[in-house]
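Take a look at the following structure, please.
Lettered A, B, C and D in written order, each chain numbered from 1.
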Amino acid sequence: MIGVGVIGYGYWGPNLVRNFYETPGCRVVAVSDLNAERLVRARARYPTIDPVPDYRDLIADPRVHLVAIATPVCTHYDLAMQALRMGKHILIEKPMTGDVEQAQRLVEEAARRKLMLAVDHTFVYTGAVRKMRDLVASGDLGDIYYYDSVRVNLGLFQHDVNVVWDLAVHDLSIMDHLLPARPVAVSAAGLGHIPGEPENIGYVTFHFDSAVMAHVHVNWLAPVKVRRTLIGGSKKMIVYDDLEPSEKVKVYDKGITVNSAPSDGHAPGNGQRYAMLVGYRSGDVWAPQIDGAEALAVETRHLIDCITNNKTPIADGEAGLRVVRLLEAATESMRNSGRIVELSRSGVSA
Amino acid sequence: MIGVGVIGYGYWGPNLVRNFYETPGCRVVAVSDLNAERLVRARARYPTIDPVPDYRDLIADPRVHLVAIATPVCTHYDLAMQALRMGKHILIEKPMTGDVEQAQRLVEEAARRKLMLAVDHTFVYTGAVRKMRDLVASGDLGDIYYYDSVRVNLGLFQHDVNVVWDLAVHDLSIMDHLLPARPVAVSAAGLGHIPGEPENIGYVTFHFDSAVMAHVHVNWLAPVKVRRTLIGGSKKMIVYDDLEPSEKVKVYDKGITVNSAPSDGHAPGNGQRYAMLVGYRSGDVWAPQIDGAEALAVETRHLIDCITNNKTPIADGEAGLRVVRLLEAATESMRNSGRIVELSRSGVSA
Amino acid sequence: MIGVGVIGYGYWGPNLVRNFYETPGCRVVAVSDLNAERLVRARARYPTIDPVPDYRDLIADPRVHLVAIATPVCTHYDLAMQALRMGKHILIEKPMTGDVEQAQRLVEEAARRKLMLAVDHTFVYTGAVRKMRDLVASGDLGDIYYYDSVRVNLGLFQHDVNVVWDLAVHDLSIMDHLLPARPVAVSAAGLGHIPGEPENIGYVTFHFDSAVMAHVHVNWLAPVKVRRTLIGGSKKMIVYDDLEPSEKVKVYDKGITVNSAPSDGHAPGNGQRYAMLVGYRSGDVWAPQIDGAEALAVETRHLIDCITNNKTPIADGEAGLRVVRLLEAATESMRNSGRIVELSRSGVSA
Amino acid sequence: MIGVGVIGYGYWGPNLVRNFYETPGCRVVAVSDLNAERLVRARARYPTIDPVPDYRDLIADPRVHLVAIATPVCTHYDLAMQALRMGKHILIEKPMTGDVEQAQRLVEEAARRKLMLAVDHTFVYTGAVRKMRDLVASGDLGDIYYYDSVRVNLGLFQHDVNVVWDLAVHDLSIMDHLLPARPVAVSAAGLGHIPGEPENIGYVTFHFDSAVMAHVHVNWLAPVKVRRTLIGGSKKMIVYDDLEPSEKVKVYDKGITVNSAPSDGHAPGNGQRYAMLVGYRSGDVWAPQIDGAEALAVETRHLIDCITNNKTPIADGEAGLRVVRLLEAATESMRNSGRIVELSRSGVSA
């Protein structure tokens, strides 16, 4: 029986507690929060769980094997490092840390101690993303051409992070999970409309070594909510609309056919000649049935299984690090007029 | 009675002929095309119009006062310059020319000869864009924060121009018409998936001197057709969806309110304190009735009025030049890894 | 301080408890359910509320002033009558009773004892329906021409009531609240696809004395979920789509104009002549901001206010009776091949 | 080479002429219309076609083998009967005639003379309806449970026919083509909002001998345009939305499973026990690629093939008669307070 301790009982913490509470093979032992009122609420809801005002007591508790951290980003590193040093497995909210260096240290520490380091990239446990992962991995889409995502709404403006860290983190975690290739460079543009506040609009472009391209548009100041991703492949294409109550993932049997037959006679720039070589396919559309299970429930079961059977979680520290690296690079580019930021220049191997 | 000659009777030319044909105050005198079959078709439909195999005869025809040019982009400059030199008013298909220098020369020649030089930015004559123009100009939206457009589909791949010149030209003509400010720099990223062919995906960012930002996403290889523009203002925001059969323009009385009251006591990074200063407004949504008249009919009437009464057309040579300048800068940036291209660096004043 | 007792802690009961719990001016004293496990759950969540296995104890409890009944329909009458006889105010789930006679008796008993009898027509307390009520009442729509509702999905088949009692009850409660006129006759058609089970498809038509018409389509066996109501008026028309996350109510400034000018010269059947007399108006569309407050919270506050200040609730026993009368008539018509059932023939004045 | 003559060159006639004009194996010989201006227009467009002021000349023309009739409904019978008597094959606009008796006489006359009598039920030649026909005929949907159609808009009010004859005729032609069973009775309700004018709202229910039900809602006075049909089957269900630019037909692998295992122990009304016997299936959604060819082009080719090879057309006189019979019965029911009209009672075998 894995003992679980949760630090942070604000917005997301209660969801972690509820899901670990209902996950077989583990037991939520303690919850910690600086806010006394939240602990009262946790206690009322779960009389068997210890409310712990000082997180150090939770980390030191020998009954706790897994520490789940749902606190502000700036505290992730310290809390996680302390818990690792106490020999605890870790689950951290996304983004894993506030910078690449911290993320790397956590990855190294966990590796050295042979502890599980997981990041709560919840979206990769949704039925929709799991289905898309299967479609990409099976080769049904063919070569991936592009990944394009729009995630905008009239949002809760954050004050400590910009819109890329707040919203694009979701897209990056999904992209990291779905795409076989990794970006090698990032460029980004953004703008803040409230003086002194971080950027509330961001456009981030991801460059790859191969003929793949990714782009994410995030915006806290949009009149409508949009959560829509297009994935283009050489064989099929996907529209993933997370706001659709059903048919979230649609697979289009559409594309182009390029006739690569020798056309030696044509002069360069002979548009007419080329034109005959490109064709369009348009077939059926298919919306596969999506598993509607709560993503976090799938995740907590998976994590307990990883600890119990010594497996690497789907969204591990490396995934968390890769996403933080992209977020950091995007922000660096945004602050430098969209200058391309090579990921190797961050001093970290991709 | 203004005499009109149309060069090019391929895809768009017949629409020009039909609309000028039905416009009071003018008369379509001649149509020219290299393709004999097309001339036969024009003749069958309009027995009163002269089919002219050699465009030079059309340009030289003293009955022709306005030459409308609907041929491939690479021919625009030569045809227009010849016609201007024969003292003809000009309407050119968009994009006006293939490069900035040509566009400038046409603008100068027309100015010197006091001839009308119009570019067929058809969208600015639609009911939807005219309504949005009124909304922006009246100040109803407040300060403009951003302009974001997505124009994607499984498209007719072009061979002589990339997707930005083919699709983004529409957005740029609309943006040029709607926004009070002009971009000062452009950056762009794009990718081609067919070897030897131009880019079929493009993301173009437009930078301004003020706190405005514009972005256009164009793609010939998308599974679904999208024509959607978001315009954010400090007071109201617009969603313009050109595929909606009705309610193309929706005005959202939504936004943020920023309390600029002194908050001197707060420590840096005190998110809680800041958080109270940003509020959200969410009011009614309003879809104004849109004039459904054919845009090209509005345009041809407008142009005949301009010639008759010596007025400057809404989409004049300057507008055509500005759009070409943006297209050229976007392509330059795309070919240089997204490097920012300052518009003054193009040697042209914005 | 009004004491509230809730009978039934199954699907809806917990919502009643939660909302009364948070309503100022009242206190939830006791909850009753035949199922012991549910009482344990209620106790765990609300330690201050008494779990009462025998509802008679709840009804007899002098601390209870208002009894809320959320049990199967067939038990409503007995529970409510017993509670009324103990001098309690009543809130009953919809439909109020299983037949008209029971509903009438409850109305009479409550009137005699001067007790509040309310029916939980939750929809009439939603922001959307309240907004539509204002629009109808203010005369903005003009004369009401029709009310048309579709409420279909792949549903939980019920075994004790047909789809009309299960789904159309919502529409009838809304219609009863919105329309100034009352139906005078009902006809209905329906079909059951599972032998021995009640009808799972129903089409119900409501006839009025005036030029109004209402129709409700309900279906438990539809591939998609639809919740859409059209309300036609002589001046404006409404589309109410309850599945829209925003813009649930759209007001269309559309309609026909009938030129009633004397046209004495025309012969009967002269279509051409008539044709010139009918015109079409098409103006703006407007989606008013809708109060997003939880309907049940609005309702519980309203009911406590009614008891405290001796007012008649919006959805009172008369409203509950009128809805039951329509449901009964619809079922009678359905079982008689769609024969028109006059509402006066039910022996009840409308 | 089949010679074609078209009578009526108003709204639909030009479409007939254009499509026959482009159909191999036939030649449009003559067009007739009472309106001289329309004949001028036809002549200008098709110089090879004879404009014929008097339709009798067209009917008598020995070069004409097929007479297509696109005139007001009230003239269909006379024109068609005269043409049949001159030995011509016939295509008549829908609805075929204004009453059942006329339709029967035309069917009999055509049969006696061994001439083709076709009705222009254009929808049955669309890619969408042909695809649905295949799905129904192949048994993929299982047993058909219901057919439900909504066809509403702010429409052109007609003066000589009510909304059922004008709009429901489309649904009836589709239903007649798709459903294996034929209705045995009809009931309908409707209302007119303009004094002296026909009904502008109609609800028509079709009853069958088997457990099938059909319903059509038509309305000329709706704020939005809807063209949506639901078809429920025991295995799969269809949503057919004719306004969707793509994905017009969606097939839902959804439904209920009924466990018919003996449940001898249960008492009547024991909902719990029954409840366990009904299950819900929810699988993939599939939007098959639809042939986008113009329906009328498919139809004209089919008709020329039928004449040439002596085949019976898909939409023959019998189909036209069946649809007229349903329209007549619906109107009869509407004028009799929704009384069920048995189709055998119309004196016509179904």
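The rule we apply is simple: contacts are C-beta pairs under 8 Å (C-beta built on N, C-alpha and C of every residue); 3 or more make two chains touch, one makes a residue touch a chain.
Note that this is a predicted model, so its numbers are computed, not measured.
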{"item": "Number of hops, chain A to chain C, where each hop joins two touching chains", "value": "1"}
{"item": "Contact-richer chain pair (by C-beta pairs counted) among B-D and A-D", "value": "A-D"}
{"item": "Per Cα centroids, the chain farthest from chain C", "value": "B"}
{"item": "Length of the line joining the C-alpha centres of chain A and chain B, rounded to whole Å", "value": "37"}
{"item": "Computed distance of Cα centres, chain D from chain B, in Å", "value": "44"}
{"item": "Separation of mean Cα positions, chain D and chain A [Å, integer]", "value": "52"}
{"item": "Multi-chain contact sites of chain A, meaning residues that touch two or more partners", "value": "224, 246, 282"}
{"item": "Parts of chain C lying in touch with chain A, wherever the complex brings them together", "value": "44, 47, 224-225, 243, 245-246"}
{"item": "Complex interface listing, chain A residues touching chain D", "value": "246-247, 253, 282-289"}
{"item": "For the chain C and chain D complex, residues of the former touching the latter", "value": "72, 145-146, 148, 150, 152, 154, 157-160, 185, 187, 189-194, 197, 201, 203, 205, 207, 211-213, 215, 217, 219, 221-224, 230, 232, 234, 237-239, 250, 252, 254-256, 258, 269, 271, 274-275, 278, 280, 282, 337-340"}
